[in-house]
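Next up is a structure, given as structure tokens.
In order of appearance the chains are A, B, C and D, and numbering begins at 1 in each one.
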Amino acid sequence: MPAPALTAEEIGELLHKVFPQAFYPGCGLTLERVDYGDVRVRREFHENHLRPGGTISGPTMMELADFTMYVAVFSAIGRQPLAVTTNLNINFLRKPAQAALIADARLMKVGKRLAVGEVTIYSEGSEEPVAHVTSTYSIP
Amino acid sequence: MPAPALTAEEIGELLHKVFPQAFYPGCGLTLERVDYGDVRVRREFHENHLRPGGTISGPTMMELADFTMYVAVFSAIGRQPLAVTTNLNINFLRKPAQAALIADARLMKVGKRLAVGEVTIYSEGSEEPVAHVTSTYSIP
Amino acid sequence: MPAPALTAEEIGELLHKVFPQAFYPGCGLTLERVDYGDVRVRREFHENHLRPGGTISGPTMMELADFTMYVAVFSAIGRQPLAVTTNLNINFLRKPAQAALIADARLMKVGKRLAVGEVTIYSEGSEEPVAHVTSTYSIP
Amino acid sequence: MPAPALTAEEIGELLHKVFPQAFYPGCGLTLERVDYGDVRVRREFHENHLRPGGTISGPTMMELADFTMYVAVFSAIGRQPLAVTTNLNINFLRKPAQAALIADARLMKVGKRLAVGEVTIYSEGSEEPVAHVTSTYSIP
């Protein structure tokens, strides 16, 4: 596996600069691991994420998956903040616990025009995934 | 087409009661039309929705699509706040304007266990869709 | 709506020339309508399409949807037989009858690099769709 | 991991009995491995699978993915031939070689009503996937 194009720290700085409403101190997101096309992001639990039934809402998980793919794209192709999602497909598998979410993204293809990856989301401390995502980014 | 199971006003009250963090006065969402399995929701533009490139972020559109499907499910099967998304697939088609978003949801199937629908999202004032979603809800 | 880039007859000739194992006299597929980015294909019923339960198999419908999108792409961008599917998402909605299938495809976006469309499949003589597809083609 | 509900041989016999047009001696499909919710199917190369560009057609891969998921469902829940696909999402990643296809399916959830899995397809002898699928089966 090649080295990542950017380190976790570099990606964090880039995100804070270009997308400050999504990534800022105290936003609850941590880049826990950044390898080439293979990253982990942790989202702290917050009561605002709950939906009826006492479970974490779907949009909270979709946002986390999209963010984690964005980080994975940077890890493979470097500073391309204008990369945009063209497709995202999510299957919700289990009711998440009222706990932090862990998202593992892995790119399956890094082409000139498109990057395709999958993201698996877990409740922290559990081994059964709560959601699985595949997503395509278009590279400018 | 049958009459909707609930009116827009009734759905608004239900949402505010069971999901107050998503639907409250000033949240920027309006239920513009509620027919049976066929609804329109408007989301006001807010600068917080922007992402790099000056366009509305993907998660903003995914959240709107999921919310609009939830309203469509209520319009067909009534008070079932524990209905949950099992699958959502979104294609991003065009860069949205810095304007309100209009989401039209239409159920294609209302079964005993699953409801399947599609949502088309527009920038207000434009006829070309900015995103298209299909989604499945599981009915408890 | 602009005129189609190719007529039904021209697309039929192109398909028979470049993809003879999919489209040949007696193959059971008919291009019933070709407008710009908006086409209808009919597939005759054949017992080989049945699966357990006496219903038409999923792959039969996926193949028809993919073929119909291919025709829709030709209707919009002309002779590009090397256009290839990059994503296809199908929801199966109802058990099809033992009857011909009708597939209506409609492009939602025709870009320089990608075309995105949806396909709705019906059992002939019924108004309720049996399957709904969204798909993306990459344009060479 | 629990033992599989059925062995490869038992699943082969079941398939041949209930779905003889899909699985019969000489059909080109081999059940190479059957563990619980984790199976491998091999499809022999055949010239009929080619599409313009000299590559294996999308429907060939979709059919293989759907078949492999069907086998995976049997491996987890036993003789349920009326299990049906409700959703299938495929991303085509690379041009397949003119070689056999290997499909690895893995169930991510086995519920009472739904089973959800992913399928990764390779050209035999290559480590880079040519397609990735997620799919949901409804259990009767």
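Basically, a residue touches a chain if its C-beta (ideal position, glycine included) is under 8 Å from a C-beta of that chain, and two chains touch if they have at least 3 such contacts.
From a predicted model like this one, the values you see are computed outputs, not experimental measurements.
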Minimum number of chain-to-chain contact steps, subunit B to subunit C: 1
Pair joined by the larger number of C-beta contacts - B-D, A-D: A-D
Centre-to-centre distance between subunit B and subunit A (centres being mean Cα positions), rounded to whole Å: 23
Separation of mean Cα positions, subunit D and subunit B [Å, integer]: 34
Centre-to-centre distance between subunit D and subunit A (centres being mean Cα positions), rounded to whole Å: 28
Set of subunit B residues in contact with two or more other chains: 86-87, 89, 91, 136
Touch list for subunit A against partner subunit D, complex: 87, 89, 91, 93-94, 108-109, 116, 118, 129, 132, 134, 136
In the complex with subunit D, residue positions of subunit C that touch it: 18-19, 21-22, 47-48, 50-53, 55, 57-59, 62-63, 66-67, 81-82, 84-92
In the complex with subunit B, residue positions of subunit D that touch it: 86-87, 89, 113-114, 136, 138
